[in-house]
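Before I ask anything, here is the structure I am working with.
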């Protein structure tokens, strides 16, 4: 069974239609990179997947179960889905350890006694075990984003969403975060990444999706898609990103 | 005993002018002192900074009521003769408004970025000119909402003058209340008058603040 | 008048001490009930139904735009007309709680508004309950944001309780006027009373500053 099915999803903010019938199926193990101009609906689609935004029509199913904003076990669903935000959104008043283990402890995934061990394990995966007792405000942007990733990993999610995870970082800090994501990709974690890093999208993803005007405009294996853009819109988008 | 009548209401409104007069005096005399305090508080030298800090801490560390009676009894003592209550009361309110204005305007000055001082200094103008033409106007804009807020605080504060027998709005209310035995009615009228004076100012302060946040 | 002479006043040290205690007690009572009004009111303003929101806003506007002394008089003179004859201290506690509550609503509401939406979303995305998001994600940062305004409001409250003397509640300022009526040393008495208030305020501010450092250890942004 597909991990995630998105069928003909439409979403408007007021009179502005941001998603105009998006359909997409994600199989376990896939690494999907979504690219497109700003305003093409990429981030909104991601926010709809874990119901941060409601949808106007269509359907989103996670492991066959419909995702709705008012569903009763939305909490349980979100525990199986991690999201990494552009602006990290760590909790400034909690130390790194507590940031990472807050949800696992509160949802009973891990006992208080074992929490530190779990924190160490996931922080080691992002290369930050030595920062376990720091506050987020004492870390660089890149380190904060890696902690945010660790916070998701601690819940052992079945699907990871990345909403422009490197866009708010200084250029020299982008690499460390991308390396962590690449490492996760090798471990068969299913991921959907909205990104501006074209090289990264090309090299890491198993499927590339080009969104334009609120629709899935083109999709396929990244190498193929980059070599032979089928539409003028994608071709001009590639040209524009190369110039930058 | 007599009933509360229209002439009482006129008496209240008449007394309101003394409330307004006190506020005007407090602002007119408190503003220069407040500006001096703000400049001293942001000075690079330690002594003026320290003096301004102590002044502000002391004036804001005692009740306004205490400040009033302190000057009410202290000023004649210092002058060595009888002094009209209005003078003692004005001095108390001047100190009160100056301490708050000093604090508010200090905040405004510090909110102006240091690079603005640098940029102004590069123009080769005097320190005072830097403040007068570059820092001051920006600081004033940022301090305007809390300054208007202080105006409301001053208007409400003048009600305490009633305890030293100075006839302003609240004291006038007490007099009428004693004559008519209708305290609830009289004080409600007094409250309504204060409210209609303060509410527009509060809204103005909020609008100014909104505009400031919108611009930032 | 023969210079500044405190010795006569210090005969009444027991009265001043009880005045200080009553001022402290009055302030604590008002802080307690006023904070409850503030918390419930802020929740009501933010999440309550429309009529509740309007009623709370009207309450806040009325209290903030009229003098506390007039509010005190109204409470003190209104209660008897409901056959409720309360001692001045009780009336003052009620009037000041209503007063402090209005300011607390404004401060707490601003504190809740100060937490960025993204923080709440980040909490929701972890799949924890609404209450847990409030308790673990919103609460402490909001507390830190309101701490300066809330503690200065408490200082203003302690100083403001002095007006309870005007309805003969036996707090510190009232004790001062009592001693004044016995000794006729007005200036000395009130200077002394002001000094006591100043010391209380300085102690309070020191405690609040220390409390802030203990409660909020994480680095402030920017």
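To keep things simple, chains are lettered A, B and C as they appear, and every chain counts its residues starting from 1.
Note that in this section a contact is a pair of C-beta atoms (placed from the backbone, for glycine too) under 8 Å apart; a residue touches a chain by one contact, two chains touch by 3 or more.
Being a predicted model, the structure only gives us computed values, none of them experimental.
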Both-way neighbours, i.e. chains that touch chain C and touch chain A: none
Interface with the most contact pairs, given as the two chains involved: B-C
Distance between chain centroids, defined by C-alpha means - chain A, chain C (Å): 47
Distance between the centres, which are taken as Cα means, of chain B and chain A, whole angstrom: 54
Whole-Å separation of chain centres (CA-atom averages), chain B against chain C: 21
Of all residues in chain C, the ones touching two or more other chains: none
Chain B partner contacts - residues on chain C that touch it in the complex: 1, 61-62, 64-71, 73-74, 77-78, 81, 159-160, 162-163, 165-166, 173, 186-187, 190-191, 193-194, 197-198, 201-202
Residues of chain B touching chain C in the complex: 57-58, 60-67, 69-70, 73-74, 77, 152, 156-157, 159-160, 162-163, 170, 173, 177, 183-184, 187-188, 190-191, 194-195, 198-199, 202
Contact footprint of chain A on chain C as seen in their complex: 118-119, 121-129, 132, 136-137, 140-141, 144, 216-221
Parts of chain A lying in touch with chain C, wherever the complex brings them together: 50, 52, 75-83, 85, 87, 89-94, 102-103, 106-107, 135-138, 151, 155
